[in-house]
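What follows is a pair of complexes built around chain A, which joins chain B in one and chain C in the other.
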Partner chain A sequence: MDSSAWGLLAYGAWTTAWISGISIAIGVILGLFVALLRVARIPVVHQVLGTYISLARATPLVTLVLFIFLTAPTMGLDINRNVAGIIALTLNTTAFNAEIWRSAFNNFSNEQREAALAIGMTPWVYFRRIMLPQITITSLPGLVNEMSFLIKGSPAVAVIGVVDLARVTNRISAVTYEPLPPILAAAAMYMVLISLLVWLQRLAERKANRLAV
Partner chain B sequence: MSNWEILWSSRDVFLDGFYNTLQLFGISAVLAFLLGAALVFLLEGSRPRLRIPLRIFIDGMRMLPFLILAYLLYYGLPSAGIRMSAWYAGLTALVLYHGAYFAEILRGCRTTFAQGQVEAAIAQGFSLPGMFLRIILPQLILKTRGLMGNQLIILLKDTAFLVIITVRELTAAANSLSSTYFIPMEAFIVVIGFYWLISIGLEQFIKLIGRYGAKRGFENA
Partner chain C sequence: MPETAAVSIRKLSKSFDGTEVLRDVSLEVKPGEVVSILGSSGSGKSTLLRCINWLEQPDRGDIHIDGDRIGVSDSGKAMSRRELASMRARLGMVFQGFNLWPHLSVVRNVTEAPIHVLGLSKAQAEERAMALLEKVGMVEKRDDYPYTLSGGQKQRVAIARALAMQPKVMLFDEPTSALDPELVGEVLGVIKDLSKEGYTMVLVTHEMEFARAVSDQVVFLDKGIIIEKSHPSEFFVNPKTDRVRRFLELEAPVV
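Moving on, here comes the complex of A and B:
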């Protein structure tokens, strides 16, 4: 492999990183909102979100990516490949994150809420100042785990022609006729990316355990 | 003809894809489970010889995206002289990848068992394989059934990646129909429904195993 191949690989890694990064950022926040709406148990919204989560967890990422990319034009929406990929990854990761947030909500002690309301905090202040900081730390290990799942699933965007770290190997081997070296190099780059997240998760777990004691 | 009628008239394509996905899923689930159980058995004993290479294999798989492994087997191996059809390459990738995950789930549960069980079994004259098969493995399966169920659903979803290495499975069926008749929305709704059905079926199956375990008194073990 020459320097232009390495350049292409770096470009692919960057594409994977920013597409995953945006999806993770939106997915974590949207997941929190979905979990909040689920916990509030608003009649119709609750069932709709429940169905969404069940469906999104059962749908393969590749299928979802293709579905969004091919369906959008028939509904008159003109979206490019990257946006379609980000929407699909976000829809997928939001469902998993919502479940992580929700289990943190459900395990939260009720005494703190009673105490906060008793000393005159409004529900919003209670949520912002007391609940959110604690559930953020307790759900962090789960969220980071889901992030590494998202990165492992992100090659799904290759199916609509986004040149990410997985697909770029095809492009390199089309020139060099040697598919093995770029694939191995891409594998090593994914391993670095994911082991970084695993390390972060361990860090988050240690912090969460310290808080729990 | 409405879009749905077009889909109904080409139902053979869907059924072929569905059958292919089910076949890939079924065979690889069984083989991956056997591989996982075999890996955990090899880690059995006080000082297993293969501990380090097995840990490298398991952790390596867990850090790799599934598609990269499929690429490696389908596009990479021919240059090393090993050529497989897309279907076999996909199946091998599913088995290797998810076998490592199954092994990790089983291993995590295995470390929580009391050492006394193994010592009692050996004292009773069990051989190591007999002890593993009769005492350790049944408990492992019943205790990890929730995690195993999740992993099986991930396996099902990973079969869709194989469309990229040109396996004719369910997602490929929807993709080809939507490009032939230009009806992407309906074709993909049907396919997502199929995936949903399989995962709901899986969840019921896992519940059934739990009930069977409760009947055999495993909850008290």
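Moving on, here comes the complex of A and C:
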């Protein structure tokens, strides 16, 4: 592999990192809102979101990516392939994250809620100051797990022509006729991305131990 | 003009799934008074206490805190969350299970509500918190987290947390029932000090000797009805009903 091959790999890795990164950032926050809306059990909204989550969890990423890319123009939306890829990844990861957040909500101690309400906190202050800091920490292992699934599933965006870290290996081997070195190099780069997340998770778990009453 | 009652409960009734747990309960707590609610488990005493700050909503009857009705606004509709929160801020509650917030250190458990409910500055809230931690003997533990504390220490922090809101009335829901016997004394000591300082308190407890020592009024609940209401010197020595006599024989054998 020459330096231009390494350049291509670095470009692919960057594409994977920023497309996944944006999807993760939006997906974690959107997932929280979806979970909040589901916990509120608002009629119709509850059913609509339930259907969305079931569908998004049951659909392969490749199918979702193609679906978004091909239907957007028919709805009059002019989006490029990167945006289509981000939308698809976000829709997918939001559904999984919403379930992670929701289970944290449902398992949260009612005693702490009563203490907060009894002392005069509004439900919003209670959520922001008491509940959210704790469920963020307890949800983090699950969320980080889902983040790593998303990164490993992100090559699905290659079907619409986004040149990510997986796709770029094809390009290199098309020139060098040696497919193994770029694939191994790409694998190593995926491992670096994932190990960054795992390191983050370990940090969070150390903090979470403190919450064990 | 007659003095406004700190807590005034009128004809309160409450059912859970068709089972009546409180029936026509009325009770007045004067400012500075300590009232103990006694009764066997399932008599409705915790429910009565939890109605006072609207953690349980009664089916009928009304409750006034310092002259203001809780739970129902002037227009007759249910209070908004904000109105209810500001009523609750006037009541301090101490729970059987302490219910401290585990992600906050001892001092931050105490400053959290003064800062985010009353709007105190961090410095003001900390000054107030340290004075209260001093009072309950927990100053050295100010930066520790709840999981490192014993049950008795947790409960003393929980008392400081409630006091930091400078409530009109303190409500205690079996504050020593979850404690190891050797830790009961330190918590009761703190509550006793508060009664000497003139705090208005409503107390659900199984500690008969303690109730006798601190109360100005003892209320006995049986199957959701107040069957006796009297001064402790009368209640413990000369109970009017057989029900209370039997209860006292079981709970506090006469020496």
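The rule we apply is simple: the second predicted complex is superposed on the first by the 212 of 213 C-alpha atoms of A that agree within 3 Å, B and C clash if a C-alpha of one lies under 4 Å from a C-alpha of the other, contacts with A are read in each partner's own complex, and residues count from 1 in each chain.
By definition in this document, a residue touches a chain if its C-beta (ideal position, glycine included) is under 8 Å from a C-beta of that chain, and two chains touch if they have at least 3 such contacts.
Predicted model only: the values in this text are computed from it and were never measured.
*Asks:* Kindly classify A:Ala118 by the partners it touches after superposition: chain B alone (first), chain C alone (second), both, or neither?
*Replies:* second
*Asks:* Thinking of the overlay built on chain A, is A:Pro60 touched by chain B (first), by chain C (second), by both, or by neither?
*Replies:* first
*Asks:* Regarding the shared-chain residue A:Arg129, is it in contact with chain B (first), chain C (second), both, or neither?
*Replies:* A:Arg129: touches chain C, not chain B.
*Asks:* Is A:Ala166 in contact with chain B, with chain C, with both, or with neither (first, second, both, neither)?
*Replies:* first
*Asks:* Between chain B and chain C, which makes contact with more of the residues in chain A?
*Replies:* The partner with more contacted residues on chain A is B.
*Asks:* Can A:Ile183 be said to touch chain B (first), chain C (second), both, or neither?
*Replies:* Once the two structures are laid over each other on A, A:Ile183 reaches chain B alone.
*Asks:* One more residue to check, A:Leu70. First (chain B), second (chain C), both or neither?
*Replies:* Only chain B; A:Leu70 stays clear of chain C.
*Asks:* Touching chain A in the complex: which residues of chain C?
*Replies:* Of all residues in chain C, those touching chain A are 53, 55, 81-82, 85-86, 88-93, 95, 97, 99-103, 112-113, 116-117, 145-147, 158, 161-162, 165.
*Asks:* Given the complex with chain A, which residues does chain B contribute to the contact?
*Replies:* Of all residues in chain B, those touching chain A are 60, 63-68, 71-72, 75-80, 153, 156-161, 163-164, 170-171, 174-175, 178, 182, 184-185, 188, 191-192, 195-196, 198-200.
*Asks:* Sort out for me which residues of chain A touch chain B in the complex.
*Replies:* Touch residues, chain A against chain B: 54-55, 57-64, 66-67, 70-71, 74-75, 151-156, 158-159, 166, 169-170, 173, 178-180, 183-184, 186-187, 190-191, 194-195, 198.
*Asks:* Show which residues of chain A lie in contact with chain C when the two form their complex.
*Replies:* 111-112, 114-123, 125, 129-130, 133-134, 137, 210-213
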